[in-house]
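In structure tokens below, several structures.
Next come two complexes built around subunit A: one with subunit B, the other with subunit C.
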Partner chain A sequence: MQAAMISRAKELLQGGQVQRVLGWKTGEFVYDITPAVFQSVEELEAEFVYNDFCGNNLSKYLIKESRQPGKVLVFLKPCDTYSFNQLVKEHRILRDNVYVIGVPCEGKTDGETLKAAGVRGILGLQAQGDRFLVETLYGSQELEKAQALPERCQNCKSKKHVAYDELMGEEGQVLQSGRFDMVEKLEAMTPDERFNFWRGELSRCIRCNACRNVCPACSCEKCVFDNDNSGVAQKAAANSFEENMFHIIRAFHVAGRCTDCGECSRVCPQNIPLHLLNRKFIKDIDTFYGDYQAGEDTESRAPLTNYTEGDVEPSIVYQRGGN
Partner chain B sequence: MQRIGVFVCWCGSNIAGTVDVKAVSEALGREPGVVYSINYQYMCSEAGQNLVKDAIRDQKLTGVVICSCSPRMHEATFRKAAASAGLNPYMVEIANIREQCSWIHKDMATATEKAIILGRAAIAKVQLNAPLTAGESPVTKRALVIGGGIAGIQTALDVAEAGFEVDIVEKEPTIGGKMTQLDKTFPTLDCAACILTPKMVDCAQNENITIFSYSEVQEVKGFVGNFRVKIKKKARYVDETKCTGCGLCTEKCPQKKVPNAFNLGLDTRRAIYIPFAQAVPKVATIDPDYCNMLKNGKCGVCAKVCTAGAINYQQQDEIIEREYGAIVVATGYNPIKLDNFEEYAYSQSPDVVTSLEFERLTNAAGPTSGTLLRPSDGKHPHTIVFVQCVGSRDTSGCGKPYCSKICCMYTAKHAMLTREKYPDTDVYVFYIDVRTPGKNFDEFYRRAVEEYGVHYIKGMVGKVTPRADGKLSVQASDLISNEQLHIDADLVVLAAAIEPDKTARSLGTMLTASMDTNDFFTEAHPKLRPVESPTAGIFLSGVCQGPKDIPETVSQAGAAAAKVIGLLAKNKLTCNPCVAHSDEWMCNGCSSCEKVCPYGAITYLDKEFRMPDRTVAIRRVASVNEAVCQGCGACTVACPSGAMDLKGFSNRQIMAEVDAICKE
Partner chain C sequence: MQKLSLSKLDQFLEAMAAHQALYLPVEDHSGQAKFQRWAPGVQLSSTLNTVRSAKDFFFPQTEDLVNFKLRGKEIEIIDPRTEHEDFVVFGVRGCDARSFTILDKVFLADPVDTYYQSRREHGTIVSLACTRPEETCFCTSFGIDPTCPQGDVTCWMEGDALYLTANTPKGEALLAQVADLTEACGDEAVKAQQERVSAILKKLPLANFSTKSFGGQVLMEVFDSEKWGTLSESCLGCGTCTFVCPTCQCYDIKDMDTGHGVQRFRCWDSCMYSDFTRMAHGNPRLTQKERFRQRFMHKLVYFPANNNGEYGCVGCGRCLSKCPISMNIVKVAKALEGDCK
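Up next, the complex of A and B:
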């Protein structure tokens, strides 16, 4: 796939249809993939990669890239296209300046997940059906994908591209996933248990802001946490409880716009399952206002910024015993 | 730093009875920024207002906090007082220590503590207040009346009489409403049609009144003085401008088996119909559910017989957009469905009827031409049982918890008229209480009992059983003599509770007018503003606000008209300066605010910005039309970056209030 992508990108670049290519390149380690902009054929040939570590969602980078002169080519995996649509809907990405090629994805792993599965000294990775063949300093090692894929890929919500100008490979389907199972477990807890669960998880937060910086929905011109006048900027500093509020406020800010791409949990250096906060919102929105997938299209109105007579009354919270 | 004055009101004993007002004014006097703090018996009195004015001048106050009743009550009063003393009126904040404190607490210590906290929040807010200046908006000098029953008709006539244009939107093919179906009206027993139909004709003839019959309100936008309304004029398949109302088509139409809604299904009509002889407008309507031509293209008789060429099978629904300064809701009522009251056998026997059906059975224009006959066999009933409170005052959940108010009187009327016309009938009325407050009402009821010999029995009917011989076996209890009764009745009449028309709920949503749990529209103040909705520019007329009889409806309709006239007489309305504005540097251009704005006040512009790095960028940013914005604040909540803010209720001010309340 990588070779085909490079060849197509070269074609478009040389043909003048696009001026830049947004893709991935490898960092210090093989599993350290970073997003990168390629200006020339030479750069592409030298550094462009597409492998099973390319989990990064490139959509957010288009906010800036689509405002540069000329047209940018971007490769988007199915789940990235949801973020892309959502940002187009919010007028953040200038659609006309982007050429989207949808690329297939069978799940992307990362260094953290492999390390957690007991793999050390990773040198390379190859997918073989439902298994990964990991090449390490200590020889090859085989892992089942179920073990070696992060939670977001195990519970993949869709292999379908909801936006593209051109598609490489076969078009997939929207999938039935168990992505709300853990939310249901949390809902079944008593308020005290749940509070303690989140206090425990969030206590590890070091406020590195990685979750915010990677989140496609967190793309404000000026983030409220960086704005002294917002009244919540200091919410992160007053005491440990208020610090936890950072994530709660962030979850509220992206509610109804979060596509559940899972980047927040991927980048968290402390392994906080941040995506569960967003999934709770998504599940509630589905329950209260009918199934809604943010980013599924660029036209439909989002339940939280739309009013219909069928909407639930706020008293539902009381009826559900505060859940 | 502001120089803030705090004024704590006793409200007689309303506040001072539960809150230690002296302690409150002392405590708040120590708050940062407060230079003056005082308490007084009635701050809203002239002497009280003078205290405020004098302090503004003498103490050079830049901000004022009044700890008193709800701002709904006296905010305007104190703003005016401040303005007259030279302070910007929007530098006044009210801490509600009455409704939100003294009235709901019993313990003085805790109530005092809470009053101090509420005062602190208001002080924290006023610290961040900025002077605001109100603009003006024009008034469209036309009113919309939704519902063409007696309430809507009376309001429309009164407003039109004052010289303003009025549109009536009525969902039925004719105006007139429920009153057209009644026979006689209590307590004077004049014929409903005789007093109503001249008013209907007046409406049609008044050059200020436009009637949109067979029409519904589809969308309401805008605000007081400037509503924009979409009215759906449903296709009646008859050209209103051509139809002369001759009625020939309604005689020739071969589809004869259509249940006649006007007679509550007691007889049938044709597929093309005029509801009744005095309908306004007197124009035929085709019922698309029954018309053969519309259903399968086979017939066309009405078009053939119509000499005016008024029939148009191709007619489509039409959307009319009109502007209004005021909207009057007069959507009326319906009797409840009796599905929950199977014990009365309403669905099992045609001889168990509702009171409204009884009206039709005794009406000269009804299915029996006014002769009281049993629906089952057309025979004269000799024993009639009236059951009151069917679904009214019912807290079991089957019916309505409220009193429908009109049933006691119309039942007395039915009983009396039956005895008057048919002295050979035995008439029983079962009641919980007989409620007759109203001019000449109790006298009317006593006449039924004393002069006409109607048997009034305190107690409820437990069960009605249709028998094979056609009789209805009525089981009931007499609570006064404490015995069980069995009556063999020929006819049972149920005084079904009334409920607001089903369209009221969706209309309330469109108008953002609040409703109670029974779907009656809420008035702005139950005593002092009974015909106004809390939503500015929306007025209430008739039963949509609560159960009423005709005299009361007509007086309320007139009152609503007076309020409408008062509004339309103004050339300009003072706008609310507490409107939204967008910080363009923070705006993402995401359109969230535009989507939630109920007034269409937000548009987007592509604007050129000189960025901090000296480049020039074109950015999409929100722009608020201040004349259209009503300051509801929906946009400020939807805005992800906090670029959208509300003047006078900024995010910072609200956070300051919250912090002041939570501060230990």
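Up next, the complex of A and C:
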């Protein structure tokens, strides 16, 4: 796939249909891929990569890139296309300045996930069917791919691209996944148990803001937490209340707009399962307003910014016993 | 050199904890290690390193500096500091152990930061030699020997024993507390481990990485490099690299309105943030490119220029593992090497 992508990108660049290419660039190791803008054929040939580690969602970069002169080619994986659509819907990406090529994805792993699976001293990796062969400082190791993928890919919601100008490879389907299983477990807890669960997770937060900065739905030009005039700006959580507040406010703010791309949990240095907060909102929206997938299209009205007579009343929270 | 049978590890930890607070790397439920206070039942993690560095013990993420209490037109100034208790940090790796030397140069230089100083005085560092370095490790590039880390006490875990040697009077005092559990021994086992691990260190992918071309002598050449734009283009502007870094030492001082007074505290700041060093006239670093550049200039150029050539990095590799876009000091130094002329 990588060779075909480079070849197509070169064609479009040389033909003048696009002026830049947004993709992924190789690093020092097999897994440390960096999102990059390629300006020339030489750069593409030297550094462009598409492999099992290209997990970064490139959609958010298009807020800036689509405002540069000329047209930018971007390669989007299925789940990235949902973020893309949502940002187009919010008028954050200028659609006309982007040429989207949808590329297939079989799940993307990363160095941290491999380490969590017990791999140490990673020197190289090869995918063979449903297995990864990892070369390490301490010998070779074989892993089942399914076990070496992050949660978001194990529970992939869709292999279908919802936005593209051109598609490479075979198109996939929207999938049934177990992505709400953990939310259901949390809902089944008592309020105290649930509070303790979240304190156990959020108490590790170091307020690096990686979750916010990587989030395609967090596209405010000045975040309330960075704005001294807001009265709630903070660089570090002074106490547990502030620790919780940052994440709760963020989850509320992206409610109905979060596409569940899972970047927040991928980038968290402390492995906080932040996606669970968002999935709770997604599940509730599905329950109260009918199934809704943010980013599925660019035209429909979102349940939380729409009004219908059948809308649920706020008192529903009491009927649900605080859940 | 002293030897402790690992079957007595719990007793050893308990004996130390009886005299002062004891912290050690422990796995959290997400499988990563963090420093945690020892209590009966707490297990030492076998992970190579903690996510947060050991700098937290001396330079915590938030710290109250002074409180003001308002009563009409009177302002009472309250020093919120209580006398620190003595504490031991066990299991510090060679990289983090060196980071204290770097932080000392900042906080113990005139004017001395008394908050930091007090913590340093009360803390005893027990370092633990590395046996399974990872691909992200490059401490040897800064002259650190992870098979013989610095600290008040240095330990090696080998076979069924922990070998210990005191390097300072503080370290000797600590070993005296556990003297009934240890016995004198030769250093053959330690030497064998060091040889074995040194051979692994030579095979690390970053074994030949060097920052030697950088320093104050190439300040303008590096600062003016055209490569900063590309290097920083996908930087998210988050603070992950700075917060997991054992040597990043910038902080901000803020006042919190408590309703009846002011709580003045400091907290870690990050040069990656948009309001870093913002002044009355505005911000001197307008885009992420300048903020990104600041971090690497500080470590590779400004810090060595002011500290006899010592770099502001210990090669722990945390930023290599944790950066959301995998951009880090190794990539930056390699890319800019050519500009150091």
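Methods note: the second predicted complex is superposed on the first by the 314 of 323 C-alpha atoms of A that agree within 3 Å, B and C clash if a C-alpha of one lies under 4 Å from a C-alpha of the other, contacts with A are read in each partner's own complex, and residues count from 1 in each chain.
We adopt the following convention: contacts are C-beta pairs under 8 Å (C-beta built on N, C-alpha and C of every residue); 3 or more make two chains touch, one makes a residue touch a chain.
Given the structure is predicted, the values throughout are model-derived calculations rather than measurements.
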- Give one of first, second, both or neither to describe whether A:209 is in contact with subunit B, with subunit C, with both, or with none. second
- Would you sort A:12 into first (subunit B), second (subunit C), both or neither based on which partner it touches? neither
- Task: Considering only the touch criterion stated at the top, classify A:127 as touching first (subunit B), second (subunit C), both, or neither.
- Result: neither
- Quick one: classify A:168 as touching subunit B (first), subunit C (second), both or neither. neither
- Message: Quick check for you: in the superposed arrangement, does A:35 touch first (subunit B), second (subunit C), both or neither?
- Response: second
- Message: Tell me the contact category for A:306 with respect to subunit B and subunit C: first, second, both or neither.
- Response: first
- Message: With both complexes overlaid on chain A, does A:229 touch subunit B (first), subunit C (second), both or neither?
- Response: first
- Task: State whether subunit B or subunit C is in contact with more residues of subunit A in the superposed arrangement.
- Result: C
- Contacts of A:182 with subunit B and subunit C, given as first, second, both or neither: neither
- Item | Sites on subunit A touched by subunit B in the complex | 67, 90-92, 219-224, 227, 229-232, 253-254, 257, 301-302, 304-307, 309
- Give every residue of subunit B touching subunit A within the complex, in rising order. 505-506, 509, 585-592, 595-596, 604, 617, 620, 638, 640-643, 651-652, 655-656
- subunit C partner, complex, touching residues on subunit A are 27-29, 31-37, 56, 61, 111-112, 115-116, 120-123, 137-138, 200, 204, 206-210, 212-214, 226, 228, 235-238, 266-267, 269-272
- Note on the structure: Contacts from subunit C onto subunit A in the complex sit at residues 28-32, 34, 48, 51-52, 61-62, 132-136, 200, 203-206, 230, 233-234, 236-240, 242-244, 252, 254, 256, 265, 267-270, 273-275, 320-322, 324-328, 330-331, 334
